[in-house]
Amino acid sequence: MERRRVGVLGATGTVGQRFIQMLERHPWFEVAWLAASDRSTGKRYADACAWKLDTPMPRAVADMVLQPNVPPVDDSSLPRIIFAALDAEIARELEPHFAGAGCAVISNSSAFRMTRDVPLVLPEVNEAHLPLLETQATRKNGGGYIVTNANCSAIGLVLALKPLETLFGIESLFVSTMQAVSGAGYPGVPSLDILGNVVPFIRNEEEKLQEEVGKMLGRYTGSEIELLPARISAHCNRVAVVDGHTECVSVKLRTPATREQILAAWQSFQPLDGRALPSAPDHPVMYNDMPDRPQPRLDVKNGNGMSTTVGRLRPCTLLDWKFVLLSHNTVRGAAGAAVLNAEVLARLGKLPKEAA
Amino acid sequence: MERRRVGVLGATGTVGQRFIQMLERHPWFEVAWLAASDRSTGKRYADACAWKLDTPMPRAVADMVLQPNVPPVDDSSLPRIIFAALDAEIARELEPHFAGAGCAVISNSSAFRMTRDVPLVLPEVNEAHLPLLETQATRKNGGGYIVTNANCSAIGLVLALKPLETLFGIESLFVSTMQAVSGAGYPGVPSLDILGNVVPFIRNEEEKLQEEVGKMLGRYTGSEIELLPARISAHCNRVAVVDGHTECVSVKLRTPATREQILAAWQSFQPLDGRALPSAPDHPVMYNDMPDRPQPRLDVKNGNGMSTTVGRLRPCTLLDWKFVLLSHNTVRGAAGAAVLNAEVLARLGKLPKEAA
Amino acid sequence: MERRRVGVLGATGTVGQRFIQMLERHPWFEVAWLAASDRSTGKRYADACAWKLDTPMPRAVADMVLQPNVPPVDDSSLPRIIFAALDAEIARELEPHFAGAGCAVISNSSAFRMTRDVPLVLPEVNEAHLPLLETQATRKNGGGYIVTNANCSAIGLVLALKPLETLFGIESLFVSTMQAVSGAGYPGVPSLDILGNVVPFIRNEEEKLQEEVGKMLGRYTGSEIELLPARISAHCNRVAVVDGHTECVSVKLRTPATREQILAAWQSFQPLDGRALPSAPDHPVMYNDMPDRPQPRLDVKNGNGMSTTVGRLRPCTLLDWKFVLLSHNTVRGAAGAAVLNAEVLARLGKLPKEAA
Amino acid sequence: MERRRVGVLGATGTVGQRFIQMLERHPWFEVAWLAASDRSTGKRYADACAWKLDTPMPRAVADMVLQPNVPPVDDSSLPRIIFAALDAEIARELEPHFAGAGCAVISNSSAFRMTRDVPLVLPEVNEAHLPLLETQATRKNGGGYIVTNANCSAIGLVLALKPLETLFGIESLFVSTMQAVSGAGYPGVPSLDILGNVVPFIRNEEEKLQEEVGKMLGRYTGSEIELLPARISAHCNRVAVVDGHTECVSVKLRTPATREQILAAWQSFQPLDGRALPSAPDHPVMYNDMPDRPQPRLDVKNGNGMSTTVGRLRPCTLLDWKFVLLSHNTVRGAAGAAVLNAEVLARLGKLPKEAA
């Protein structure tokens, strides 16, 4: 099977690097086009990028020349599958141009996540929302579209909640996060702010988490997404961890559930109808029954960074149940989520054809 | 004014060291007697103690010889004021011996905190509980008694809650902590467990926090403590911070309160009827209105480590209000709380006289 | 090819865990026997071991029952290849028993490293020292023997020095280390000692580093090892890193060498005569020419943790050349070094046969 | 005694903040004028400054309006004592303007440290170099001048070396540093670069350290500074510490010295001829004889951050002696060094008079 050519917007950033790392040996996609902001345009990727991952930069990209973050006038060489890792303000301006140029824009940005006709998708959770993209103007004209994945703090949480919502219904939710610094990109969090410290604030994060969970767990009516009618309260904190968001969760269910039923719900969570996708983990939710887990240092790589690890399920004196979860914020919480979205779109035959 | 002689049980541990540091220049008390476990008994303090504070060991204690952790047979030299920094199991056995020997045992241990006739006191919050100590058997016989302070994670929280409880009533409470490693003593938390990591579990901590808040905010009926009738749910986590517990709180009040009313409640919180105690901070609760505060590195020393710093007051979608607080866990949360208890007992004339 | 059965002494410790991790899919060896100290004996491995690696405990070992750290009376089930990860004092007592019972004891302990008839081996560096083991008493009687690998701080350094010693000769050496906490085992370094801190002392480490480098780079005369006649001065420090020892090196050569010659020496370093061993990296020494490398977080996994990464080669105003190196202290610096020793012994046909 | 009005250039940066903190209750100086870069000019200090110290911002400065980093046209309000905490390139341009306007520029920048007619001074070490400032052109015309202090990594080292140089002579020196992140300012070192990591490179740092030590320990001939004729080799590293540079030193002396002689040299080091300066510590060099000291977390505040703590004196196999030192990099290594320079200039009557 021939690999489809893909492009990466914002290729030199923390998430851009993860895209390149995760796609290095991808069976379906091949990185063929890289773009970055003006000050990097025209440089070799290896010269422009401060590579911060613990595996070497793939040789195939080191010599690629960075393109501008806009569709080229002659777009024949532009891949029709674009992974976008741009800051929100920039994404708001640029992503529509790529959709307008006929590309499937698989975006990790927050710019359009809550837009009415843009699906906010995690394949294991709400693949059913994907038809929403057909209502986008560019798509209706036979062109491209934008599909988004959620904020890194929302993704791991939604994976753990989905089987509970399906079986018992979620009425309300309290979540307190301890988030890794890689979520803020590079240079991101200054070391003076986080060494031996906690910063109990991440701009807009609580708002994003609260609304994105509601959209992802919402219902597609055929024309729009009805948000999940649950009250969600988030406290978001930054801690001195490189990769891996840990979240303390209390949840109130609509139907009472026993501990065994909840554990069974997680264990039997086999979404995607058994259709294997290259980046989908065997177990989207893994329960660790040791008393002090999950922990970022020990569990963040579970399922190649694509599984949510859950632990410490116990009764909550205030709502019904409490637990802790951990999710890799730049793999499952960013680049991996987008790659999985592209994979499910490929399976469904919804990726645009290459320009002739 | 002559300083009263005091003793310290568990003098070589993390909290024992804080006692010695905080009492170095205390106007009312003078460390005159140090005790430690068997393997240290008979050694010079400087030889037995791995001093881990960032101020030098006071010279006055360096040459003191460590005594056994039991009342001496000839107790004429035993101070009648004993600060106890023992592990719970050991405290359960040894503290009653010192009370039996006529001492006021000002204990930081969890052993007797929830015992029916033992006050669990924070002077600014529930000085009114102190008469409970008169019901202890040893005290009724004219002898000593045990007074306790709460767990380090409960103390800072109760300071912030007290003015809210007084003015508006607290109906339910959610708290998620990010606790410093010094709370676990020395050697305590292995570095392999916490470097670049979060441990979402501290043994018995959630239980202690939940029940101790209820007792401290409870009502003394004249014969016993009625627990606060509020539902409290705690998530306790260990993070890579040396000193300072950060806590995310959501609270539901019995009477609605505006943001201004809550801020005013904290600002006007002037307990102790204006009677200054040497270790009492001018402002037990300090509100920081910057968006990303409090932070351990920047705020833990507020009020010489005796103030709770609060920030980020904002509405909660689930309960009424959310905020973040920070408290120094080995100063206000341990040694400083006990010293303050001794100070208020001194003011009330309840400290035993020296043996003749 | 059938896999040889091997045993692990000290199987629950930090290095013991690395042995088990590295041997999980080893083509030649299979973990068949695990031993630990008295308090763990008789327990399932999964119950006795606080697994601290970021990959899951291999299922094959989880249910194994831990044996005592001594050769069984009926030793028919005892593997004849024993990897030993014991503390020095215990190793000094126990390892000879296993050699006496006919085992090849592949030891990571410091107990016998400097013993006259015990080879201190790193295959890429001094495989030629291995015949020394034939002079051991137990071996002469047709029985087992002890082979050791060096201290974690010496191994990475010796890899970088070997090609320089071969081509130019080493006259003197200055090395200042910044060592990871995993080198101290578990619980090891208390977090209060290392969070936001440096500890400029590791007991016996400077002495070990200085003498072991001299022995490894020494010459086997046919009957003994002549130490390298170089003066070596080490400063050893502990820093807040989980895995990976960083070392600053200044070296004086016997024959002048240019920068290009030194880089070429490292690049062309192809030891082991091209005979591939399963755990030997393709490049034992990798040079990174970025100005701020190597770094533990980015480079420690090079060569699956078996390569030394070198960078910042530049003139030294005092000796001849300065550089920085990084080596994974529990992989190449401990378990991996021992596994490689076993592999080279296997190739040479020097591993004892199984008991009939 | 009336306090002299002083100004601070670069007042919002990390070192600028330390100036303000250290001058808050200074007996001789009072902060009266603050300047910062263009984007802050005109703002209240409290609004423009991300205060990152663990004591509150002094109220007296919070409402001051930030001035441009240039002498005002009407300079009647400009203090004649200017503490400068500017980046080197900016300092190179701006500091001469202030000297030209008649100010004593007490600079922490590297811009003019090695300039022929600019003293590089640490009062306890080379107060004798101060007359050099009389040779500056602006000074000869009866105007201002520039006096500098050294790089943070050189200052603590020179304090420890000075008594050795005086008594025994220093022939050569090896130093390997482990430097705190506060030395890089704010935002400075990204957390992704230093959490759980070591960066073995700080731009230009090794060069600065090597040459500045030579100038500070050099001899003033009456017209210029003769550099110390010693060979110095430095390895500079960044580690995950907030404040405090730790340095491993090996030194070769011109005259042999015993351990006792060296310890005595440090202990009897009483510079400044007994003239107390407000910021001078009682003991510029403090020796800690515990085996694992100094450590940043425990020792950085010694002498209010103005003492160098030394430990681990032991023979060096390569040079003569090895030891470890620790110095607070933003107190003694930056703002405190400049304040001390101003104090000694005040004592000598060399500070310019206020404009009439």
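Worth a mention:
Letters A, B, C and D mark the chains as written, and numbering starts fresh at 1 in each.
The rule is simple: a contact is a pair of C-beta atoms (placed from the backbone, for glycine too) under 8 Å apart; a residue touches a chain by one contact, two chains touch by 3 or more.
In this text, all values refer to a predicted model and were calculated from it rather than measured experimentally.
The chains that touch chain A as well as chain C are B, D. Between B-D and B-C, more C-beta contact pairs join the chains of B-C.
Using the mean of the Cα atoms as each chain's centre, the chain most removed from chain C is B. Separating the CA-averaged centres of chain C and chain D is a span of 43 Å. Between the CA-based centres of chain B and chain D the separation comes to 40 Å, rounded to the whole angstrom.
Centres computed as Cα averages put chain B at a distance of 47 Å from chain C.
Shared contact sites, meaning residues of chain D that touch two or more other chains, fall at 52, 193, 195-196, 240-242, 297-298. Touching chain B in their complex are the following residues of chain C: 14, 52, 181-182, 186-196, 240-242. Looking at the complex, you find that chain B touches chain D at residues 51-56, 195-196, 242, 297-302. Those residues of chain C whose C-beta lies close enough to touch chain D in the complex are 172-174, 176, 178, 193, 195-201, 210, 231-233, 235, 237, 239-242, 246, 248, 250, 291-298, 311-312, 316-319, 322, 324.
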